[in-house]
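Shared between the two complexes below is subunit A, which pairs with subunit B and subunit C, respectively.
Presenting the complex of A and B:
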């Protein structure tokens, strides 16, 4: 079994000491995202390559026609597959789900599927008989922290970029037939994406714990400190809140919270694991910050989509050939 | 008979007759299984009922569970097949369940004074006997009580409570019907301060509505803390009188 990555004590104290002086090792400010790069495949619809600093994730959206579930005849299927292979980092094992992987897949699932980013009812073709099954495969290529943020951006952007083949239904009653028009024949149709969820992870560092570790006191003193301090009123300055942590920061952090937000000022999901207790006020301001990040990221996704659209639409042919145009 | 259930009536009453800021009937008991475990507790929140057994701190059964500087806590949740109206067997490997176990585990790894028991383990076994909404919160509350009963030193009580948002109304401590009808969050606080150990929100909600929800669930947590504290003190007193400490 591969061992977890464990940072050395020297690394630990160094990073924490830097944080008490409000310095991050990659010289970002606390609330600054790493460079985000989103690129779309030039040949295929729905293939997105997201680079968040040195983290790299590829998402591929595909669709096929299947039978809907018996209990939901009007709903199409939407599956997100987030299996992390050892390609991302040696800590991940193929075939065995680690706890990190579980958390990542659950958060992506809640952020995108449960928040209703894709309107599954629009995937219905013939109720109870045929529907589209949209599948998002997320491949984690490089892990430098923030896998769930990158995965969430990749799937959101992929859903916006993806085009499914156009279909027509012929015949009536039980002899209905679905004709699928290949994308070379008819302009493919975009999916009904209702909102663009963007996941942002905040890492919490207990600066006070850090400073006592640096001054070389034993854990017992430290524990006593915590007891004493619980009596007096807490101030927010004892918590350092970092946006978009690198792998090193992720391994050293004392707690985290990931918030999924969209540009409608909605919070789709919050997951604060049980680590390090944090004041409510901090959590609220994090949620607000998540909305700002979501706006920024959504803007970038739209910009890239536009650029990609312009590249594909040589000679304005796609606009001319649209089905909804006046004839 | 009304065709649709009225979650919140215009008179301000909920489906089970509560006001918006009332928690369900809360009953708890500690040291319920003194023979089988080191610490045990039963929690009833409305119709949700959870039994918790704590074994430990003991020597780790597996070498892989030895942590050199702190105690390792493992949480197992068993959901009884008869806990809901439709009887069915639930698998342990459901990703929802695994997530719940790991969340509870992380909550208590930071709530227990872990460095006092290096190289040892604590096993927390939770049995959900009946579920009517708020399973997660009941599990966390039960674990707190059982750990107290086991004599494991903790910084403070960890208490959890849910709060939902129906249109513009905040509702505290939801039952199953309410849970399925509105976005809600589960919050676990440590102590009687504003410290949040765990926060989970699974459905889409407007940002402006978040703050009232969090405020309500926090007051619910503090209320539950008082209720649990009463029970622990009552139990301690009765044991002191019997002289069986």
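Presenting the complex of A and C:
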């Protein structure tokens, strides 16, 4: 297992210098997402392939019937598995959780599961006895930064695309029986998805520190300058805020913040990392930007879902045959 | 001589070199199975895994749903037995060649474990080629499912499915008599020797020999598919002049 990649000093100064001139190496603007591509499996429900630039993630949603937890008899189970294999990058070791992986799984968990994107009460079949256990397996295929953003989009899209088999309950009292109707017999049922969380990661670069490093001056000189000026100028240009960083930018950044938002303009989760403090103003503008991105991404997910639906629903049979009521 | 019924086969498609962070990658789709394999190496190896005279071969099989279980361990062991002898490990001593097999859709039913294995072997070989890992010869594998349905008249209709899709398998699941996963080593597009013969069920000697013959034909065809995919990827990389 090779060691993690560390960018050279030349690379570091080059990227930072470019950022002080408001240029990113891939010629994107600071608040521009990489090309996002979402595709669904043609054969199965709930299999999504998300490509965010060179980052690629496949999410797979599955459901089976189990017993609910004794203390939550009315709730179904929902698990998100985010294990990173060496396929994403050889620096990840198989079967061992790295620190990055922990952060990613926590953010995805907070964004989707704890924000209540999936209504777990709707997964209950017979209280205290039987419920659906929905499982989201996230496979990271290629790592070029923004793994959590891609994972979050993939799981959200997967939950919307997934269909579980229809069931009926027969009998009364203790002799109740659950009959599962295969997908070929009855039109399968979508999950109760309450909102579509989209995670956006902002990377912060301390441009002032960077420019002093480039010009060869120490931090003390910089501090002296500030004293001379008497009033410290905290304009926007001292912090460069980048949306959807590539791996190189991720390795060089001074701090980051992941914001999960949805189209209802709700912030589901904020996680701030790195050793760089940022202003309240930056936090607010990031939240606003996250909502904009969420709207754009949700629009794309819905467009792709519609295309996939049209392809499957030949002759309008799925609509005619379904037993479910419109919400 | 035909002991088994008529054969029916689903076509396979392959693509390579679509992942950026690893040295080689390939995807193999046959029937409803879809496997993605990545290969990294030769690269730095952990001290405790280092071998003084040959490269260490690490194979990781990741399931489509849930965590790795005995099924994945089984696949890993069989893939190692097939590709292990083919890779020229002695050319890169004290290094690591890492193969990650990601099952995206296994294509098998709950009780079977054959399509995923044969597709994984084919995908692994393609990924090894893309990574530029030195190999001695070509490998290709196939799955053969034999079934027999007794009709109301008492007659027995038998048939063979080669690399079937999951709906096809589900339709005949109760009538499956035997399942064979067969891998051949090929040189110059011709079969050279048998590398893997994994059979489950009841079958006669004649039947299994016929399966070997069928598999040999299929593996030669599969080899053609692989050749096309490699040619295409080399052309795309721009290192090819007609």
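In this section, the second predicted complex is superposed on the first by the 304 of 327 C-alpha atoms of A that agree within 3 Å, B and C clash if a C-alpha of one lies under 4 Å from a C-alpha of the other, contacts with A are read in each partner's own complex, and residues count from 1 in each chain.
As a convention for this text, contacts are C-beta pairs under 8 Å (C-beta built on N, C-alpha and C of every residue); 3 or more make two chains touch, one makes a residue touch a chain.
Everything numeric in this text was worked out from a predicted model, so none of it was measured.
Student: For the overlay on subunit A, clash or fit between subunit B and subunit C?
Tutor: fit
Student: With subunit A's C-alpha centre as vertex, what's the angle to subunit B and subunit C, nearest 10 degrees?
Tutor: 130
Student: Just checking: does A:103 make contact with subunit B only, subunit C only, both, or neither of them? Give me first, second, both or neither.
Tutor: first
Student: Touch test for A:269: subunit B only (first), subunit C only (second), both, or neither?
Tutor: First partner only.
Student: More residues of subunit A are touched by which chain, subunit B or subunit C?
Tutor: B
Student: Under the stated touch criterion, which partner chain does A:179 make contact with: subunit B (first), subunit C (second), both, or neither?
Tutor: Neither partner.
Student: What is the contact status of A:62 with respect to subunit B (first) and subunit C (second): first, second, both, or neither?
Tutor: Only subunit C; A:62 stays clear of subunit B.
Student: Who does A:292 touch here: subunit B (first), subunit C (second), both, or neither?
Tutor: neither
Student: After the superposition, what is the least C-alpha distance between subunit B and subunit C in whole angstrom?
Tutor: The answer is 15 Å, the least C-alpha separation in the overlay.
Student: Show which residues of subunit A both subunit B and subunit C reach, each in its own complex.
Tutor: Of subunit A, no residue contacts subunit B in one complex and subunit C in the other.
Student: What residues of subunit A sit close enough to touch subunit C in their complex?
Tutor: 1-3, 41, 43-44, 47, 54, 56, 58, 60, 62, 81, 83, 85-90, 94, 135, 137, 139, 141-144
Student: Where on subunit C does subunit A make contact in their complex?
Tutor: 19-22, 25, 32, 36, 38, 40, 43-46, 58, 60, 62, 64-67, 96, 98, 100, 102, 104-105
Student: Quick one: which bits of subunit A touch subunit B in the complex? Just the residue numbers, please.
Tutor: 99, 102-103, 105-106, 110, 114-116, 219-220, 223, 226-227, 230, 234, 255, 257, 261, 265-281, 283-284, 287-288, 291
Student: Quick one: which bits of subunit B touch subunit A in the complex? Just the residue numbers, please.
Tutor: Listed in rising order, the residues are 69, 95-96, 98-99, 102-111, 113, 115, 155-156, 185, 188-191, 193-208, 210-211, 214-215, 218.
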